[in-house]
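Take a look at these structures.
You will see subunit A twice below: alongside subunit B first, and alongside subunit C after that.
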Partner chain A sequence: MEKARHTSLWQMIAAPIVWAVHFCAVYAWTASACAHAGAAEEARLGVALMTLAALGLIAVFAWRAWRQWDLLSENDHVHDAPTDGHRRRFLGHAGLLLSMVSAIGVSFVAAPAFYIGSCL
Partner chain B sequence: MQDEDAQGSTTAPRRLCWGGGALLLTACSGPQSVLDPAGRDAEVLAVLFWWMLGGAVLLWLAMNGLFFYVTRMKERAFSPQAADRLIVFGGVVFPTVVLAVLLSFALSEMPRQRDLGEGLTLRVTGESWWWRVEYRTEDTETPVISANEIRLPAGSRSELELAANGYIHSLWIPALGGKTDLIPGRETRMSLEPVTPGEYGGQCAEFCGESHAKMALRAVVLPPEEFAAWLEQQAAPATPPETETARRGQAVFLREGCGACHAIRGLGARGTIGPDLTHLGGRRTLAAGVLPMSRAALEDWLRAPEAIKPGVRMPAYGHLAAADLAALATFLEGLK
Partner chain C sequence: MTRPRPEPPRAWHDPIPQAAPEGIYPPTEEMLRAPVDPKVQQAQEKRLRAVWAQPKGWRYISAVNNSEVGAWYSLTAFGFMLAAGVLALLMRVQLAVPENDFLTADRFNQFFTMHGSAMMFLFAVPMFEAISILLLPALLGARDMPFPRLSAYGYWCFLIGGIFVMGSLLFNVAPDSGWFMYPPLATKAEGPGSDIWLLGLSFIEVASIAAAVELIVGVIKCRPPGMRINLMPLYAWYVLVVGGMILFAFPPLIAGDFLFEMERSFDWPFFDPARGGDPMLWQHLFWIFGHPEVYIVFLPSIAIAAMVVPTAAQRPIAGYSWIVLSAVGTGFLSFGLWVHHMFTTGLPSLSLGFFSAASEAVVIPTGVQLFAFMATLMLGRVRMILPMLWIAGAVAIFTAGGLTGVMLAIAPFDWQVHDTYFIVAHLHYTLFGGMIFPVIGGVYYYYPFFAKKKMSERLGRWSFWLTFTGFNICFLPMHLTGLQGMPRRVYTYPGGIGWDWLNLISTVGAFVVAAGILVFAWDLLRPKRQPPTERNPWQGGTLEWSHDVPDPGWGSRSVPYITSRYPLWEQEEFLDRLDSGRFYIPDAPEGLRETVVTSAVDAVPQHVARITGPAWCTLWAAAFTGGAFIFPTFHMYVPAVISALLALAAVVWWLWTSTAQVPEAPLKDVGLGLRLPTYVSGPQAPGWWGVFITMLGDATGFASLVFGVFFYWTARPDFPPEGAIHADPVFVAAAAMLLCASWGATRVARSVNRRAWHGLTRALLAAAPVLALAGGGAFVLAVTVPDMEPTSHVYPAIIWALVVWTCAHILAGVLMQLYCLAGAFAGKLTPRHDADLWNTTLFWHFLVLTCLVTAAVIGLLPGAL
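And then the complex of A and B:
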């Protein structure tokens, strides 16, 4: 597994996938909680839990991407050579940036539930 | 102090608005303007708009200023570190912070618009190309039925239940609040808290067919006591015609079978396909906001409604004798 890192895109797009799943799940959950029961508190609690879980997962992926990037040992963020090492670090670098964007996206998606306390 | 604040918040944007050039001037104020709010909900939207606009203008100036600076004023190569820093702060941190602040501000303003009404409930049904309007309060047993005009008491929040018959419509009274869709088979809602008594324009804001653009309405905001008196008057049956002409008009109304589609409570007409005409003459406009409420306009309408609203679901009565048409218009206008 560790060896295949320079060929696999999964590590890089794991965080955006968490964002996409969180997005769909939050919409579906809110719609169903509000339509079936009008239960605003339940809807918000669910959104909060899903958001914490998503941010936690993204943090894990961000950490793994950071390690894969390996910035500190090389102290170089240009990875443009056609070598396994450069490919691995490039994917890590991109993965870390995408993790940050995903974390922001997840927070913004959850923000309405933070402010709006009703199903109306 | 509080007063000053409240005033400042409405005059400052307006001044900005007036500064916006001749073209913008005409669009800023008036009875159907988002930027000339007459209710709480519209105020929230206007405040949001001005903040967003201010933010956008600042960002635009900053971006272009920066661009100008690096291309015209300081033409030199940046060190890689400086470039990195610029990308991280200018491209990541700054937009994230700005977006988060604007989003939080917008969201924090939103809950107020979702508040429930405090007593008066209107049921507004979107029809093909007019609005059916029913009023319910705690002490009215049967709803008071009207059409094509919405009246609301100033200073309290009213609930609007929204429904539709046939097609999707959207109710929008820009001076009072945002818009909400009316969807067949579903009930949607909004609530409005008008502040300033006056007359405002409304419009169907979702394409619904041939006469969509001619599906407007008038919103009249009244001081609470006036509203109560008006509602009581609306609940009463129609006043029987008093003049000879008006009586002739009533006879024409009966003879032509208008009562199959229209109701005039108290005078035996019970149709529900078209707008209730019991107090037609008291409305500000005719045919969902497209004509003034006058005898001449009524005659035009009866003669050829299709010419005024394409696709209208009312037959033309141009074949009637001129005197009959005139009498009919007199009768209808008298239904105050």
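And then the complex of A and C:
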């Protein structure tokens, strides 16, 4: 069954958009928490919460992309035919790969807050 | 049969229906196989040739065809590259021995500033645009770009701006504060150097954004029927990603330039700490542009590799989805790296950590594409053609540059080598490997397509080995020079501290590189007395190798129906069908230039677009736009305003006489049993996409100014200062309401126009600009009535900057409303022909958001803080 999101490029880049929003939010939150309050613990807690939220969202997009890719029923990963099905699975495959890179990106960006406990 | 069919009955409140495609799609194999009568073919070819003929003699410069503009563009960019290379050689001569006095310190400063600025702004980014303008229509089987005159306008802006900026060297007034223009050095610099940089390069950035808009719309809307998103050539994917990056990367710099020039010209203290400003804001805005810029340069060049590698391996690319992941992923992640240029500025270590981590993460998508190339080569039977040699050299050099990049992303290592020659070595490894080598490889690969002749295999190998060895002789020792502590941007150094012989070796290497580039330049430009090349000399599989030799100017004899990623390898009798005009729009009976517009994802044909031909108005528009940017450099504001008005007049003339024209019939037979609308509006129309994409970039510029407000608030304890005067809340509220009303009138006008209520449409379109002007006036009163003095402190200055930005956009919005009103009276805007009104409404959607955010920031924020 073809859904609207199966033809959407926006759906494909949903996960990297989450990465971008998370990145901006983490940066802005840390900058203001450190600049105005010097509150390192507050900054780290906020980063942790935002990271969990972002990873959760990415997981949702990844799951949808995995369903759209439909690898197991087709067992084919070269989507080069001029059909609706191949276009849908291609967008799903690319979306899944982008979700993976975004999840890595979000975890990387959050990692410093795990180790660094000061605003200096 | 073109007899108008009877109108279906319509209720008084129903919109008038728009023309929609009719007939058969997709075409059947039988239809594609049917032969075309040779006499018909000849007659069609004759008509097409006449329509696409280039102007002759001195009128040649009025040409707008992508093959002409692209060739001028790339040769101009190459010329600036050679000039910037000469600056590098002169600097290397100066640095060859210690205590040298070949160049004075001042001239050395001008040279390194202009070397970096020219290589980035006048070579690397324009070269991407030039090559894409040349190639993209051919890759997509389109006749031309969607907005040929916009490309021509962009080119002339680039040429004028480039000559202006480079010419300043000859008068010894070139910018000399480094290519990143850090304040306070650059804000306080004497002479017009900084202004030349700011205004000259802003002018070129506008041209870059114009090209980005053109390229994105080209990829999204001008693909041939059937070329779904999963069949698109990889080059087009990269163009899409890079176009998007330009939209989000360049506007912050333009916004920064705007603040910077306001400080230089009118003493608004954005970067002056004594009055609440902060030089760090410039660094942020510059590097939010500057780091994605590196990938804007790198991705299109690696895209050339993605076209060469399958041809060299004679098999389809391995891991198409993975390369798309890599292009898109790199495009996103590259925006999270900018602070790694600012590791030594004293930001909190937590913040540095985020950027350090993101800088490491970007390696993953970047690496994936290199592995995909390797996999393709391993799976195929590689012929080591000359372009592949250059690509191989690129991969080797880029990988080395990438490895030092991984080192530099670690903040403590960066602290050690910041501003030393280690950085110079790293950035040249990435840019030579990521840009120069693949582009030269691409020129060798595509020369038979561009020029219908071949370059010399022997000179090409000489050039490669000279450039490759010379490059490593020049830049490999610089890692060591840097680790031994030699700083960048010094015009000389003392002898006897271990830097002497390393510098001498680098200088020798620089001249070897120059020899290699000169061999290439000679091979490129020398007159070639040889028969025309064969059509597909490398046996490529993608559409561009269906080009005609010699070039008839029409781009593609007929616009093909595509069912494969490599039509020349995999589609049956493809070339025969293309050449005999078996596909779409094989003819030009109306004597108009046309191309097929398709849907964004599945490339279903939607529209046959009439595109513009040779014109002088683009040259006038570019010349006067140049005046509007160049006069203020010398504080000549009256001629600047006159120039701006003349540029505007030229643009309005250009739009009025050639865009969204009412066609002779609503539908046109395009062949293969399909009839397409000749006029569409809204999201089906390329023009609507052009406005949408331009406005995304514009919104980014505005967001950068708003970022500035919040930046001052986090970074400065005195923002806003004690007892500051705030904007008048009553006027701010009035402005917001008036502008919302103007937006509403425009939006409602669009709907009632569709219902043919002419009186109401015109009344709304007349009221809307009055409301908008009143709203803009209220914004101005909001800051002038309380007497906010922008030179006194950064708080009133940034509020003023927001108001100036918003009012300039309101003026543009008013002009667009008046343009629609005039169109309604002139019969250009009718219920069926409303593209201008759709575009104006779209502009106003963005504008009303801008106005509301401005109102919130200047009216509500003081209370919230």
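Here, the second predicted complex is superposed on the first by the 116 of 120 C-alpha atoms of A that agree within 3 Å, B and C clash if a C-alpha of one lies under 4 Å from a C-alpha of the other, contacts with A are read in each partner's own complex, and residues count from 1 in each chain.
FYI, a residue touches a chain if its C-beta (ideal position, glycine included) is under 8 Å from a C-beta of that chain, and two chains touch if they have at least 3 such contacts.
Computed from a prediction, not measured in an experiment: that's the story for all the values here.
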Which of subunit B and subunit C A:D84 touches, first, second, both or neither: second
First (subunit B), second (subunit C), both or neither touched by A:I116: both
First (subunit B), second (subunit C), both or neither touched by A:A59: neither
Greater residue coverage of subunit A in the superposed arrangement, subunit B or subunit C: C
First (subunit B), second (subunit C), both or neither touched by A:H93: second
Touching partner for A:T7 - first (subunit B), second (subunit C), both, neither: second
Touched partner set for A:F108, first subunit B, second subunit C, both or neither: both
Partner chain(s) touched by A:C34 [first = subunit B, second = subunit C, both, neither]: second
Common interface positions of subunit A, toward subunit B and toward subunit C: 104, 108, 111-112, 115-116, 118, 120
Contact footprint of subunit B on subunit A as seen in their complex: 100, 104, 107-108, 111-112, 114-118, 120
Residue ranges of subunit B in contact with subunit A within the complex: 92, 96, 99-100, 103-104, 107-108, 110-111, 114, 116, 189
Residues of subunit A defined as touching subunit C within the complex: 7-9, 12-13, 16-17, 19-20, 23, 26-28, 30-32, 34-36, 40, 43-44, 77-80, 82, 84, 86-87, 90-91, 93-94, 97-98, 101-102, 104-105, 108-113, 115-116, 118-120
Subunit C to subunit A touching residues, read off their complex: 226, 228-231, 316, 320-322, 324-325, 328-329, 332-333, 335-336, 348-354, 356-358, 360-361, 364-365, 562-565, 600-602, 710, 714-715
